Amino acid sequence: MSGFDKVVTSYEEALEGLEDNMTIIAGGFGLCGIPENLIKEIKRKGTTGLTIASNNAGVDGKGLGLLLEEKQIKKMIASYVGENALFEAQMMSGELEVELTPQGTLAEKMRAGGAGIPAFYTATGYGTPVGEGKEVREFNGRHYILEEALSGDFAIAKAWKADRYGNLMFRKTARNFNPMAITAGKIAVVEVEEIVEVGQLDPDEIHLPGIYVNRLIQGTFEKTIEQRTVRKA
Amino acid sequence: MALTREQLAQRVAQEFQDGYYVNLGIGIPTLAANYIPDDMQVMLQSENGLLGMGPFPLDEEIDADLINAGKQTVTMIEGASLFCSAQSFAMIRGGHVDLTVLGAFEVDCQGNIASYMIPGKLIKGMGGAMDLVAGADNIIVTMTHASKSGQSKLLSQCTLPLTGKNCIRRVLTDLALMDIEGGKFILRERAPGVSVEEIINLTSGELTVPDHVPEMTV
Amino acid sequence: MALTREQLAQRVAQEFQDGYYVNLGIGIPTLAANYIPDDMQVMLQSENGLLGMGPFPLDEEIDADLINAGKQTVTMIEGASLFCSAQSFAMIRGGHVDLTVLGAFEVDCQGNIASYMIPGKLIKGMGGAMDLVAGADNIIVTMTHASKSGQSKLLSQCTLPLTGKNCIRRVLTDLALMDIEGGKFILRERAPGVSVEEIINLTSGELTVPDHVPEMTV
Amino acid sequence: MSGFDKVVTSYEEALEGLEDNMTIIAGGFGLCGIPENLIKEIKRKGTTGLTIASNNAGVDGKGLGLLLEEKQIKKMIASYVGENALFEAQMMSGELEVELTPQGTLAEKMRAGGAGIPAFYTATGYGTPVGEGKEVREFNGRHYILEEALSGDFAIAKAWKADRYGNLMFRKTARNFNPMAITAGKIAVVEVEEIVEVGQLDPDEIHLPGIYVNRLIQGTFEKTIEQRTVRKA
């Protein structure tokens, strides 16, 4: 009787079934709250031809930047990719396809993918390159464009704490895209800093219910800081 | 004299009102947080999922899990709240943020803004800027009035790919504060010591100049 | 003999699998929770915002803030989670619930279901039923095979306003378990002691009867 | 300097500006988590011609049932109205207009109203009376109907605990429609059991940020139970 116990004990097992040319929805904002060990495992596996939806594409040598090094990514769906020289080079050379998506639209597309909403209207991007080729419709005298949901074969995400049933809590701004990314994956894999026994989490304080989580693994994290900014005491 | 970065930030801060929820873009807009009047409370929204952003941390306070939309380490003020990106942009898109301040490459007198892409040169992506300009009623664009080579950035029609269409009503440059109404720029204030003629010369889009154009107080 | 309510609930429970998230409608479906096998874990979703619903409370445990979708006081099991209605239906509409069991007035061999409204007579509303039938791949409808006056409820076409179109694949009645495939009912099991002829007589929609139709084990 | 302090001290002040023929979005499920004192204040004020969106319409003498007694409601948008004889009588006589909306669609319409999404597609209600007159569109071979957002002049809702800035926490299944209802109101009024000082709530545990709340009031609640069901020890 395994029931609702989502815990797996190796990263290999966590990403079992991930194959070339699949689509992955990834959590994280910059390098904050990224599933860093799951990304490393994808690098180790050598899976290629991937389509990845993630707000950013990591930096050189960190996060999704690791997968760019090996040219494992065929297409990126992201809102901001400005921190990565390798990314720019591959995009300019045409090796890497890029679909720039406004940040809020990207978040909403992932949420829609998880929530059974195939498409929604938003004013974001109307009259810009993002709106090109998309249906425009007026509601109450304002123009909106139609955006379709995003979902993936896998979701990879990072949370702070989980119980064995996959009930999740996130920490501070490391929450970001992680909850929606998880809901949008056919197989949702989440790595966390701590796994507690069932019953240890207050049901009112769970940020995302375990029903969305398929596999759960405890890891250790580098948590690289991109812009270390301090004030004087 | 053209406004300094600090003076631009000071002038932006004069738009704040007590109880405003404000989203400040990277650069000059962020500096405006330093000039919030003492008798006023303003709460900063960071679109990566924080409402109630505080100052940069002390060295010993640094937390890799607590950053702003510019990926800088930050702190939280008392009364802050944390949330996911979908909730953050529900807030923005739904018009719950009172004021948005952001930079731009170009603005035109139709209220169009271009701020995210220079084709063939700069392709970093729009981040949250398209959502911010589409979601807010109250937006201030801050930028230099002209390029270093003297080309106006206040145009009759933007030349770069748009971030948003017909959404900008107020622009603050190093030379002037302008509103956009009825397809025209309206000169509201000029930087101290800057003449109306200088502004007219550096404004490419149609410009209306009222009889009296006061100097800014900065 | 037609199945009793308890036997219907027992047969429903045979559809459960270890690790299933299940939404049980009011009435017979709810009873099925009493027959979850001991060697199996099933988690109950209540669409008003609870995953991991437990049994009714002891008198001293009653909490007005903890009810199920039928407005009954309930408890939570260990590992439960609470959420808002938008999240609850994101879960349902997004297909994350493994099994949905609900009652109906009529089902037809196109997989249509009518369960919420009898025009001119009963207008209570659909509650969450339309979302549940639209969101789940795996639905079992439980109902009596025929009305008290002997009218079949398994029709070639529903006569009442629909709750969902072409979404039902399995129906459990007091007489039979049937699948719906290719525009036909397929008789899979019969209630103990009920003849195939009796089922044929009380099924108005097109019915395919395999050579061997086993009795249910209840 | 009032800043972000949302606290008002009287129910009269809480609903100042509510006028005849306005639209109200209300939280609550059955009688659980309803803004019971705000409803009583609407009864006291005698505001009429109201359009109210709420999952249920209360019961006779409780919740929104109070407003039915005085015929203050012109139109109800609800998913389930089966517990209220007065409601049924007024609906049958044509005095009360009713727009039955599936529960999940109602929740999503409120969320959309607060989130600047003017409309979305859902499979819920396709081919049923709910879908009549609505646009049908196919995505990936499946049929969906277009549903528009809901928003109101006022939102009335109930939370458990709040700080003075209106940051909210809900309790158990009393959360239900309350968070979305609040986001969908031009003026969102929330009554709570307890107001704490700013800084007392963990920012990670806030269910709904105060930015959505305009007025906050502390009340005492009857919390009527509709179906008292117990098991034997």
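Every chain is named by a letter (A, B, C and D) in the order it is written, and numbering of its residues begins at 1.
The rule is short, and it goes like this: a contact is a pair of C-beta atoms (placed from the backbone, for glycine too) under 8 Å apart; a residue touches a chain by one contact, two chains touch by 3 or more.
Computed from a predicted structure; not experimentally measured.
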Comparison of B-D and C-D by number of C-beta pairs in contact, larger one: C-D
Inter-chain centre distance, subunit B versus subunit C - centres from mean C-alpha coordinates, in Å: 55
Separation of subunit A from subunit C, taking each centre as the mean of its C-alpha atoms, in whole Å: 35
Between subunit D and subunit C, distance of the C-alpha-averaged centres to the nearest whole Å: 29
Shared interface positions of subunit C, touching two or more other chains: 76, 82-83, 89, 92-93, 134-135
Subunit A residues counted as touching two or more neighbouring chains: 108, 111, 115-117, 122-123, 170-172, 203-204
Chain pairs that touch, as defined at the top of this document: A-B, A-C, A-D, B-D, C-D
In the complex with subunit A, residue positions of subunit D that touch it: 108, 112, 115-123, 137, 139-140, 142, 144, 148, 169-172, 203-205
Footprint of subunit D on subunit C - complex, ascending: 46-50, 55-59, 62-68, 70-74, 76, 82-86, 88-89, 92-93, 112, 117, 123-131, 134-135, 161-166
Subunit B contact footprint on subunit D (complex, rising order): 1-4, 111, 113-117, 163-165, 167, 183, 198-199, 203-204, 206, 209-212
Contacting residues of subunit B [partner subunit D, same complex]: 18-19, 21, 39-41, 43, 45, 51-52, 76, 78-83, 87, 89-97, 134-135
Complex interface listing, subunit D residues touching subunit C: 29-33, 55, 78-83, 88, 91, 98, 100, 102-108, 110-111, 122-130, 143, 160, 170-180, 207, 223-233
